[in-house]
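What follows is a pair of complexes built around chain A, which joins chain B in one and chain C in the other.
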Partner chain A sequence: MIPIKYNLRSLWARKVGSLMTIASTGIAVGASVFALGLSAGLDQTLEVSAGPLDIIVLRQGSSSETASGVSEAVAREILALPGIATDQQGRPLAAPELVVVTYLPRRGNAGSANVTIRGALPVSRDLREGMKVVEGRDFQPGLREAIVSRKLAGRFEGLGMNEEFVVQDKSFKVVGLFEAGGGATESEIWTDQKVLAQVANRTGGTSSVQIRAASKAAQETLLNHIKADEQIALKAITEVQYFADQAQAGLVLRLLGQIIAFFLTIGAMFAVANTMYGAIATRAREIGTLRSLGFGRGSILTAFLLESLVLCLVGAIVGCLASIALTKLFGGQSAGTMNGVTFTEIVFAFSFGPNVLMKGALLAVFLGVVGGFLPALRAVRMKVVDALREV
Partner chain B sequence: MPYDASDSVVQLLDVSKEFMRDKIRIPVLTNTTLHIPKGDFAAIMGPSGSGKSTLLNLAAGLDRPTTGRVIVNGQDLGVLSEAGLSRFRSENLGFIFQMYNLMPVLTAFENVELPLLLAPLNRAQRRQHVEAALRIVSLADRQDHYPRQLSGGQEQRVAIARAIANDPVLLLADEPTGNLDATSAQEVLDLLELLNTQFGTTIIMVTHDPKAARRAKRLLHLEKGTFVQADIEALETSR
Partner chain C sequence: MKFIPLIIRNVLRNKIRTLFTGSSIAMSLFLVVLLYSFLMIQDEILEATKPYNRIMVTNVQGLTGNLPIAYLDRIRKMDEVRSAIPFSWFGGRYREETIPFAQFGTDSKYVTDVLQEYKVPDDQLDAWQADKTGCVVGALIAKNKGWKIGDKIPLKGDIYPVDLELTVRGIYDGDSTVDREQLWFHFEYMDEALKAKQQPMAGNAGIVMLRAKSGPIMPELMEKIDKQFASSDAPVRAMTEKEFQQSFMEMMGSVKFFINVISGIVVFSLLIVAGNTMAMALRERTREVAVLKAIGFGRGTILGMVLCEAVIIGLLGGVAGALGAKLLFATVDFSRWLTGFGFLYVPWRTALLGLVLAGFIGLASGIIPAWRAAQLSVVDGLRKIV
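Let's turn to the complex of A and B:
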């Protein structure tokens, strides 16, 4: 076999061409990894939000809490259903919750967006295991106080610690910041349910009822029971299903990322092919010499494919690192997008797991093989006597 | 015509070669027959474009004749596949080019090692072969130098080391001194002579230079597609 150092050093010998190709593949792989990291981050956010035994009850025909309503009476009826898990004191792990949307200005004069405020009950917290106040304190019932997701606090005016924001002409004070394990709750503001109901003129009912079933079987029974009860006209879905529906969130963003990555990849493919064609044309005599020494066609093909692969893999590493560094640099990895179902801001973290990086590496291999194949084939097809006559 | 294959390293039997260019046939060799016995050192002269390089390429199996047979070291090259020819070259032939054709990104050592990578040798054995070959061309101390750090004469000597690294039965040299100054040319010719006399390597050398041709044992003159009578002594007297 032709030693790989021959190819590595040849790459090094024409630094400018190699660097340009590395940059090109780097941009393509970087953009793809960015798009994949964004999609994976969104999916992860929505995925960790869902408790496996949890159920969300909404009004029939609505696909999100913001567009739903459940009356107080019906909510009481639901809380009395059998099969609901209970806490140590024997109280049902279920909470009618009120969701209101308010329009808040982004920090840095970046326009405004809808933000979700959840009017919660004490038991609401038991239904979100990952949620904890990490700065300040919890809101007090009866007061216009709120706790805000730490990620959200950095993105909107008035949501920082001790700042105030306005809902329906009434201002709320931020007394604490919370984290919720990266789930959808991290895109929310929480406050006392009664206070929020009054401020938003939503007394007499809530948006949804959140239920934790006692078991898988109980979950099934509860779902069927609520669906079958035509009088209450509600729909019940598992939280897993609910968030899967919400995964439509950021569809435009995802699509855009993928389209850009696609075209950059096509561009990179041409760059690789162009570089390799150039490399092979200028090294025709070397190729002819290698053949005259007894190296076969397979050796030549392998050598030049490897050369193109190395080029792309280096590009991929550069691209992945740049992508990760860029997202770290801007907004500490967290980004926001519009939830396409609720039209509220959803905050998520880019996720560059092994899965995403693996796909980046695969893309590099694809680029190297596809971009390098035709040029390598030309090297193989070269007639030795003609190659040797090249100057 | 019966022939004794045992003492011939190269046999061209009624070989013709023509190239096609713009749908016009260009005959280069016409019904040429040639025997190069073992241990010979033949110089081939002839005007530019007379087919000297073509002849070497045919003998090396780098190209195939239009008609006729080429037999090298007892092997009919016509029956070999491309892969078979590659292997045959690696096991039997050494090639020396006018422009040296060293890999610019490899050191002298690595260049000489190249053909050995195709032989069933381990690293230590390869090292031995490379060092021996570099010693023969008196460049042992230059093994870590890159071609650009060597003079033309030194480059050609590295190329010779590469050509002899796996002990070929036949050395094909296409104007090996064509690019060298007189002193370097002398050194290269001294080397070829040494390889021929000391190691018994059969050599076919194409050259323009009568001084180079004089070092050979035999002179062949290629003209209008075939060999004509040539006298090495006549060369000598004309000097």
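Let's turn to the complex of A and C:
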């Protein structure tokens, strides 16, 4: 085996060339990680939104709360079903909720988008793990007050602390900002259900019923029960399923991420191959010397593959770090796009989790091995005599 | 001019290196051209709709608000209006597909006047008008889904709690900027079904699309429409078709920004790749450059020759990448996999932009190596062993 030190020193000896290769692989991997992090972030936001025991009840045929409707009478029937979890006071953990959409301008003149407003009940809060008001106070029932996700507040006009926004022709005051553990709730405005129903002319009905089942078995029973009742014409699905369906909304972003990663990686592969060809051409005599010292073809091949791997891995690490740092620096913690199912804005954070970084590392290994293979093969094929004679 | 053979020789000297650099540029430019096509198509479509003077009317609250169908007649009666139609997004599910394609409830009598560039053969239009549950589909979606005239298309209501059982009565076509992936059915059919179920959603047109008699009167007309319904239960907002489409792009949010960021990064990366190649090439030729200088080649000539070489390599990649993308999308129909976000083709403008970009990358990558070659001292160069 040729010691890896030899390769490291060779890379060091040709600093400019090595740096440039590191830069180009770094950019390819970094940009891919950026794009993959974007779509992973959207997926994750939808994933963490779902409670494992939660059920959402919608009108039959509708696939989102925004398009759904459940009458008050039916909602009351559902709340009385057995198998619903209860809180310490023995009240059922279930809430009929009203969802209304309003069209608000983005900050910084970046156009407008639909934003979800949820008319909530006190129990709605208990159905969202980790939801808490982090600034200001909660809204008071009966008043046109609202609390807004902190992420949303920074993105839309009128949603900041103490600002006002309009639904239909009535204005609401933002009295508090909340966080909700990064889920889809963080793309919403919350206000009192009665007030919202009046303003939006939706009295006497809600959009959906959110239920927490007492157990897995109870969840199954509840689902079947609601499905079987043809009179009420509702569909009940687990929240996990509900958000998994919405993940389709990220299809464009996911496709975009994969296309970007694919082309940049292939492009960078050629660049790596070029550098390695160059490296091997200028080191023909060295290779000849190594061979005549007794190093076999196998160890030459491994040595050069290792060299290209090292180049690419260093590039990948630099690229990933730069990508993460730049995203953090330019406020990329929150990005927004249209949820293709609800047609409302969904706000999400970039996610550079192990999954994404793993993909980045895989790209780097692929780059290194494939890009370095042909050049390394050439190094192996050199005849010792010719190589030694080369200038 | 007489140096051209020499420059070409230099480009071809290390064929593998030129091939790889060109390929690297080609791959990345293909991506940039693809991403920009996505943006530029939107512009091109908007430009193409301009002569038709179309105005879209929605509730002030946007697409989710109510726009009573009764408004349609009041709009039609306005002097400045040539024709008007409802254009209701149905958003129904077709078979097992999760993302709905575009389905609009409209008025078969006027739709071909408002959307004049959408061509429906006369006999098919008559057949559609005669069939209450008939529909007309775009040529592209008909091809992708294998629909023929007479086929049944069942749509399960999602936004609306009614299902539609449609029969294809016609297929419309148009040039590349026309969205040929829509389905039109009779608004009445949906509305009557809603009324039969006593749904409060009945009577909502969602969108009214109208065609003004001329372009200059459009701002005035939009203001008039806004005012006319301002104090009703459902105040409206009128905007030009262009503004309407743009508002859709805006809803997509940061996509445009990300495309710009990624493209910027890609171009920068290519500068490094191509620059590295040129630097390597000239490092190997140091002695040769010194010889050229020794026999009387001027600095300017050397500089020009190296720059030319760099531009040629860049353009090779550009031709393969940018024109390759154009060609690929012109010959292979990708719309089958891209339903949901429109149709994709590569406009000439984008392909040419890619080509110019490639030339620029070549030129910029050659500057430093060319400068160093031009500055090379003959004595040092001749002495140097690479």
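By our rule, the second predicted complex is superposed on the first by the 390 of 391 C-alpha atoms of A that agree within 3 Å, B and C clash if a C-alpha of one lies under 4 Å from a C-alpha of the other, contacts with A are read in each partner's own complex, and residues count from 1 in each chain.
The rule is simple: a residue touches a chain if its C-beta (ideal position, glycine included) is under 8 Å from a C-beta of that chain, and two chains touch if they have at least 3 such contacts.
Since we're looking at a predicted model, the values are computed, not measured.
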item: When chain B and chain C are modelled together on chain A, clash or fit; value: fit
item: Which of chain B and chain C A:R76 touches, first, second, both or neither; value: neither
item: Three-chain overlay, vertex chain A: chain B-chain C angle, C-alpha, nearest 10 degrees; value: 90
item: Chain B or chain C, by number of chain A residues touched; value: C
item: Which of chain B and chain C A:K227 touches, first, second, both or neither; value: neither
item: First (chain B), second (chain C), both or neither touched by A:K132; value: neither
item: Touched partner set for A:K328, first chain B, second chain C, both or neither; value: neither
item: Partner chain(s) touched by A:N114 [first = chain B, second = chain C, both, neither]; value: second
item: Partner chain(s) touched by A:K170 [first = chain B, second = chain C, both, neither]; value: neither
item: Distance of closest approach, chain C and chain B, by C-alpha atoms in Å; value: 11
item: Footprint overlap on chain A, where chain B in one structure and chain C in the other make contact; value: 391
item: Of all residues in chain A, those that touch chain C in their complex; value: 16-17, 20-21, 23-24, 27-28, 30-31, 34-35, 38, 59-63, 66-67, 69, 101-103, 106, 110-114, 167-169, 245, 248, 251-253, 256, 259-260, 263-264, 266-271, 273-275, 277-278, 281-282, 335-338, 340, 343, 345, 391
item: Chain A residues touching chain B - in the complex, by the definition given at the top; value: 1-3, 5-6, 9-10, 12-13, 285-286, 288-297, 383-385, 388, 391
item: Chain A-touching residues of chain C, taken from the complex the two chains share; value: 16-17, 20-21, 23-28, 30-31, 34-35, 60-64, 91, 93, 98-99, 156-159, 161, 163, 235, 246-247, 249-255, 258, 261-262, 265-266, 268-270, 272-273, 275-277, 279-280, 284, 340-341, 385-386
item: Chain A partner contacts - residues on chain B that touch it in the complex; value: 54, 57, 60, 62-63, 82-83, 86-91, 93, 95, 97, 99, 101, 103-106, 110, 114-115, 117-118, 162
